[in-house]
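Both complexes below contain chain A, partnered by chain B and then by chain C.
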Partner chain A sequence: MIKMAGAVKNENLILERESSILIKGRQRKSRLKCDTDSIAGCVSQRACVYCGARVVLNPVTDAIHLVHGPIGCASYTWDIRGSLSSGSELYRNSFSTDLKENDIIFGSEKKLAGAIDELVQKYRAELVFVYATCVVGVIGDDLEAVCKAASKKHGIKVIPVQSSGFIGNKSAGYRAACDALLRLIEPPGGAKRHTKKINYLGDFNLAGEAWIITGYLRQIGVEINVVFTGDSNYHNLQKAPEASLNIIQCAGSMSYLARRMEELYGIPSLQVSFLGLEDTSASLRNIAAFFNDARMMNLAEELIERETGAFRPQIERYREKLEGKKAAVYVGGGFKAISLIKQFREIGIDVVMVGTQTGREEEYRILHDLADDGTVILDDANPSELERFMIEKGAHLLVGGVKERPLAYKLGMAFIDHNHDRKHPLSGYVGAVNFAREVYSTVCSPVWKYAREI
Partner chain B sequence: MLDCTPKELIKRTGGGINPAKTCQPIGAMYAALGIHNCMPHSHGSQGCCAYHRSHLTRHFREPVMATTSSFTEGASVFGGGGNLKTAIKNVFAIYNPDVIAVHTTCLSETIGDDIPTIIKGAEIPEGKLVIHANTPSYQGSHITGFSNMVKGMVAYLAEATTDEKKEQVNIIPGFVNPGDMREIKRLAGKMGVRFIMFPDTSGVLDSPMTGKFEMFPAGGAKVEDIRDSGNSKLTIALGYYASSDAAHLLERNCRVPALTLKTPVGIKATDDFLMTLRGKFVREIPYELEEERGQLVDVMTDNHHHFYGKKVAIFGDPDILTGLTEFVLSLGMHPLHVLTGTPGGILTGSGIFEKEIKAMLAAAGLEGRVKAAGDLFELHQWIKNEPVDLLLGNTYGKYIARAEDIPFVRVGFPILDRGIHSYLPIVGYRGAMRLVEMIGNALLDRKDRDAADEDFELVL
Partner chain C sequence: MAREKTTYRMVNENPCNMCMPMGGILPFKGIEESMVIIHGSQGCSTYMRRHIAEHYNEPIDVGSSSLNEKGTVYGGAQNLFQALDNIRKVYRPRLIGILTSCLAETIGEDVEGIARYYLKQRGLEGISLVAVSTPGYGGTHSEGYWLAVKKIVAGLAETTGKHGGINVIVPNLSPADIREIKRILNLMGVRYTLVPDISDTLDRPIARPYTKIPPGGTSIESVRRMPGAAATIQFGVTVEEKLSPGHYLQSEFGVPLYNLPVPMGVEATDRLVDLLAQLSGNSAPQILNMERGRLLDCMVDSHKYNALGSGALFGDPELVYAVARTCAENGLYPAVVATGSGNAILEELLGPILADSPQQARYLNEADFTQIREACRETGVNIAIGHSDGKYLTEREGIPLVRIGFPIHDRVGGQRLLSVGYTGTTMFLDRVTNTILEHKHRNYRAAMYRKFYRKTGIEECPHEKYCAKEVR
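Entry: the complex of A and B
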């Protein structure tokens, strides 16, 4: 980009970080150090356990999401996810026990119990999630006991979420959320009868994406039992054990839940991806093949032909404008990164740098296989590393989240939010076109002309 | 659908709903960004740092750099000293700032990490500095955290080295936007006063697009200037809650007299600021500022008929609210509800905030509800019971504005759904003029929207 010469700073990457970065084709190693704790003193883009738990559970629309701790954790997560609801909007409020010094010294179990009583009375909710924050983990409140007593008192589900920030990274939070969900869906009389319906795991209905996918599946004769957790609620989540199949979009947050549901209720699972034309079509075919139903397979082929026919020409038009541009990807989970590489290929763009906050070893292996030679692959990157490799590789565009956006802009680079600040659905066929349009509208915006003239 | 707030007022004891504040560390991080070449460091779990950076990034639309001690379970059991020492070493090695400004979190406060001792035991390269502030999230609010970090700057950096105080003034701007800090500097500069302002986030969080990413942008208060603040003749703390503690510490440590003024929002508070500078340092107010004041008075008189008697609800941070309340009163409006999430006293209670606002209302012969340490659930209930014509506050007011269908002007922190605001001031005469325009436009847009065809007029 502009002023590229000599712009690469911080040549001495910190030694401990070296094993978390590799360049495809240049090194013998194809394994990346990942899924570990961040190094103290790095400007890590990662978040904490509470954050992981909160993003997974937040879309449960009719729950009281009560954050047990000082005010910060509740205020930073107040309605930031963009998960849409077709029913209750209760989840968009911010509930906190707002702990003060005295609560820390003398314990805060009473305050928590009082807060649950007042909230349940006020909102008549049937479900409360109580999130433990760092300080609660240290002062030793017995969350289990308080929640159990409150459940009994009000005759509702009050479920503790063990999400103290320091007990691991964001992935530990996903797991804490899944454990809470498992407690919620546990059928009182053991496993239930299987229906033909399926559960859709790992779609948080950002910009209404789960609705789009639900629509496709309905057209091929598959009914969604419940989505984990986009636009879900207490009652439809409880029906989860009745499904005959779990399909998983966001593997990072949901593969643990799928595995447990297979063990407990014998529900098999299938990894899907609805990002890009290619993956969306493949996923629909795989679902139809799972049911081994000829009619379903025919309907899937019809849908794929119809939707691809409708949207491919639009994508081709964007492809013509975008061919040869280069993208850098830095997202939360590994599976999204994998899909994005494929999706960028559909619009003629090469991915020259790819990284994640919480990708797992097998995902990095797939990324490595999929990437072009010379592509930089990195785990838990900091802004200096992102800057260095984006400039070195001549990226025109960065895909990332909130904290990466202004970094790209300052470098005169285009940007796409593929996290919770997205405003258009990026899933399915319509999402693939939205994605292409978003890429085009930022990469080809006239504003860069002025930026580059400096 | 979004309106989940019942009208009936209920007494609550167990925590908050829809907060009008956030926690101390983010305020400390923001203050630390106002030192030139400084890396704010969050001594706690990774999430704190990530949340603060995201939140500040959404408000300023700028890169926000800060590091974290990345607490693990081990650190929480055995103390975070090891993490902090490693972090200090790494931050200087990788990012090479002049200063690291460490703030604590609820976690490190609760386990009792002794930061000064840890810093003493850390490897700090020659000529580099590490300062700190204790910012337990379970006390006060983000404003308290800002105040504590500014106090930390004074405690670590300010020195009285001259026998006689210099003809210069320290200005502590409070928790305001970089655009406001820029305006405060412009006003002081126009007055011809030698001044030291700290912290100063202008040039850091409103930096220009150059095609380069600067880890440490050109702005920020220089360490040598903060040092020299101990030799100044006077400290003006703008805003009681965010700035006065640091000014008093400077008085105690370096015998620089402290004077607390309101954040200069509105005509009267700006007058007070400039008159103080005139009284202490220079003879007269330059014509340019007199002209600006005259223009402000002109737009106030030209448009006052749009404002008279309009009822307003105002919420946000206490220092800003004091100025805003005074200003809407001077426009003839009626502040019916005024609420801050920040506790009024040092730790809790109503403190001087409620007293000050109530006194303003009484002087205007008006009545209204005033509360410190409140939340937006409560404000919404008040509005349901006593409706208003306008809501002034941060982004979170949009739910109330929508539910009650009230015109809404975004002022304060955070504003997450609109851009550019952080570049433009609300302080000074120019800032006041901008407020008059924003408030007037909101009221008149509503009038146009609601007018029946026969009442819809071209000229207003």
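Entry: the complex of A and C
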């Protein structure tokens, strides 16, 4: 374990947090405590099981997303994500059983059944996700039974999502969502395997990112069967078993689903990343290599050459301005953090602090290998740790979500929005340029001339 | 007023309100050197932090007792102890608010008892704990806000000698609004304690060094001395007595209560200024009279434009009432008035101020946005005034939205919106009037073309694509 006192001042550090923070090269151990419950009073940046489940399922466009619980959980998750749809807009509504005191006392199964009836009748949906919230887990509503009865009554899929907030952390919510998706996927019963069709797991089509990647793959002769879950719908999700390969971008949320699909349907999986030029090119090559198809490999090389040729010069121009700057990264999952370290190197920036809300042990191992000596690596951080390490390491910018943004700004640091709210794509070649431009526009903004020297 | 039939509703479609603990956080952010903890699972505090941070563009730190399965089954006292220890260590607050969540309430946590035991067990002095029971199913953020203010006052108030100051208790207004109210109080020469004061803490200037708890807020000492005040002015006419801090100070300590509407619009601002004149013995300074005159000038300049508006107002009851008064004063009669709260007082109050309205307004209590949208469509609303969750009114019904209140997530500057006092009302009215004008100017060519030209029997206009662009 790290001796924080020797490395940095230890005034405000909460003792229980020590094993979740390490500095590369300062201690023999490279293991980090992760994937555990947050510690009370730490002001963790993590949300809950429900959050994890909702993030993964919400992009399913033609589903009724019904939150079974008091109003707050539905209120805070209504249309807050930038997932785009090519069809239904139903997913942009937030439905709630809006439980009140009497419902808590007398039970709320009837209300839930009534809510499903009302919504299905009004919106004619074929798919309903019912999210359990904290109280539902405590008052003992039989969610399974209500959903089963409603499925039968309406002849549609009503799937319960076991996402009571207290049963674990955000990762447990990912798993609950994947379990719900597995219930949706039909058994293969004679489903024809398409040799060049693949499923794309862990892209939520923020600002059309899944469309960008679909376009690339089509150019090299690969068809996307279905994306989990960006711009997906009931019917194309059901066809998931027809694919011959699962590629996974967001591993934190989707590796469980991939593993289950391999067990159930024999679909192999491949980890990819479309963040940054280097990773995008490598991922396209790996997909082509998987199919062992010479023509596909050639097409991939052509695409890579064409796109890098078009975008690298722009990125180089930004790199000249950004060389030598230092970045801090605090994001949701490990895969994104790993890609970001590489992506920052492409534009001449070193990562001096990197952490995630839900990273897993193997991801932290990769982060540790990838990081420069002296980089602070931390799991489930809080504002006071972020503040302290960003200042100590002299970071010029932070990558994070909505909650972290004002902290960075108040500290006089640039900020990159790498969250689900954003309205611009960061995936693929076009995304790599967007990223470089965003970094440039915030790091090199003239406002810092005034806001830092006070 | 035509009230919608309210039956037991099975489902809320796109909420117009948030939950009780969310409202409870805000007052604690307006008390000096204080922190707040949500006793519940980790998600509650994180979602609320995100929701508040996105509105104010400020770091919002809120602790959580991070209740897990074990805590839920065996009781969460140990988690709450740990949370209090850690928050004290990192933030060194002098006051910690403890808000309960649905989960804590459902498993029957006695938070006040745990808080008392904690202080005793840790042998602490010089730190206050204020527990507030805010189950998410117990009310909306509005009720959570008022209950938290009341509990802060009740938790800190001490019997003190009369000091002649005035208590001013405010609803959830923007930091800019609070600053304006303080400016008016200063101009009128009164000594006051304003609770809760988020004017600096949630609209924080860039300054070094960064402190974990933002500087500012009502000082704990002045809250303690509120019982000695000569009077309480509370902008809380829609607040039930059991949630009302002003009523508490009146019944417990005999502080006379003047419960006023939010000083928005001429009449309501006059009422505040007149009362301050009466309480202080000072007359309004020339600068305020000038501002009042400018507001009247603005009202006259804009009255015909405002008469074109048929409004939908929604949000917190107290703010909705203030906006409704202001709109009615200017001949912009609301067609739909809605709140997510279950509030019986608001409807009664609206009656007299909408008496001159040419059309009967629809009042929606415990409303969601699907109902509000339907009512807007049916009544032909052409301008909406409320928080940013009304964005679908624009996106799907083509009704422009003037943003006011909390939350405002899709624009910057919610914390800087000024809408109270003579000056703030002027700025608010200009925002409204200009929205009406922009909408009119964008649409009238096509509207007139469709309405009249097509009936002339003359061939289709060759420039149709310019003059008859499809508009809603």
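The rule is short, and it goes like this: the second predicted complex is superposed on the first by the 435 of 454 C-alpha atoms of A that agree within 3 Å, B and C clash if a C-alpha of one lies under 4 Å from a C-alpha of the other, contacts with A are read in each partner's own complex, and residues count from 1 in each chain.
Just so we're on the same page, contacts are C-beta pairs under 8 Å (C-beta built on N, C-alpha and C of every residue); 3 or more make two chains touch, one makes a residue touch a chain.
On a predicted model such as this, the values are computed, not experimentally measured, just so you know.
J.: Looking at the overlay, does A:Asp372 come into contact with chain B only (first), chain C only (second), both, or neither?
T.: In the superposition, A:Asp372 touches no partner, neither chain B nor chain C.
J.: Just checking: does A:Asn169 make contact with chain B only, chain C only, both, or neither of them? Give me first, second, both or neither.
T.: both
J.: So in the superposed three-chain picture, is A:Lys403 touching just chain B, just chain C, both, or none of them (first/second/both/neither)?
T.: So A:Lys403 meets both chain B and chain C here.
J.: Once the structures are superposed on A, label A:Tyr76 by its partner contacts, choosing first (chain B), second (chain C), both or neither.
T.: both
J.: Looking at the overlay, does A:Leu90 come into contact with chain B only (first), chain C only (second), both, or neither?
T.: In the superposition, A:Leu90 contacts chain B only.
J.: State which residues of chain A lie in both footprints, the one left by chain B and the one left by chain C.
T.: Residues 12, 14, 37-51, 66, 69-78, 93-101, 103-104, 111, 114-115, 117-119, 133-135, 137-139, 165-169, 383-384, 387, 401-403, 405-407, 409-412, 451, 454 of chain A touch both chain B and chain C.
J.: Can you name the residues of chain C that touch chain A in the complex?
T.: So the residues of chain C in touch with chain A come to 9-15, 17-19, 21-22, 37, 40-51, 53-54, 56-69, 71-72, 79-80, 82-87, 89-91, 101-103, 106-107, 135-138, 140, 204, 206-208, 210, 212, 389, 409.
J.: Going by the contact rule at the top, pick out the chain A residues touching chain B in the complex.
T.: Chain A residues touching chain B: 1-3, 7, 9-10, 12-14, 37-51, 66, 69-78, 89-90, 92-101, 103-104, 111-119, 122-123, 133-135, 137-139, 165-169, 383-384, 387, 401-403, 405-407, 409-412, 451-452, 454.
J.: Report the residues of chain B in contact with chain A in the complex, numbered from low to high.
T.: Result: residues 1-2, 4, 6, 10, 12-19, 21-23, 25-26, 41, 44-55, 57-58, 61-73, 75-76, 83-84, 86-91, 93-95, 105-107, 110-111, 136-139, 141, 207, 209-215, 341, 347-348, 377, 396, 399 of chain B touch chain A.
J.: Note which residues of chain A are touching chain C in the complex, please.
T.: 12, 14, 16, 37-51, 66, 69-78, 80, 93-101, 103-104, 111, 114-115, 117-119, 133-135, 137-139, 165-169, 382-384, 387, 401-403, 405-407, 409-412, 451, 454
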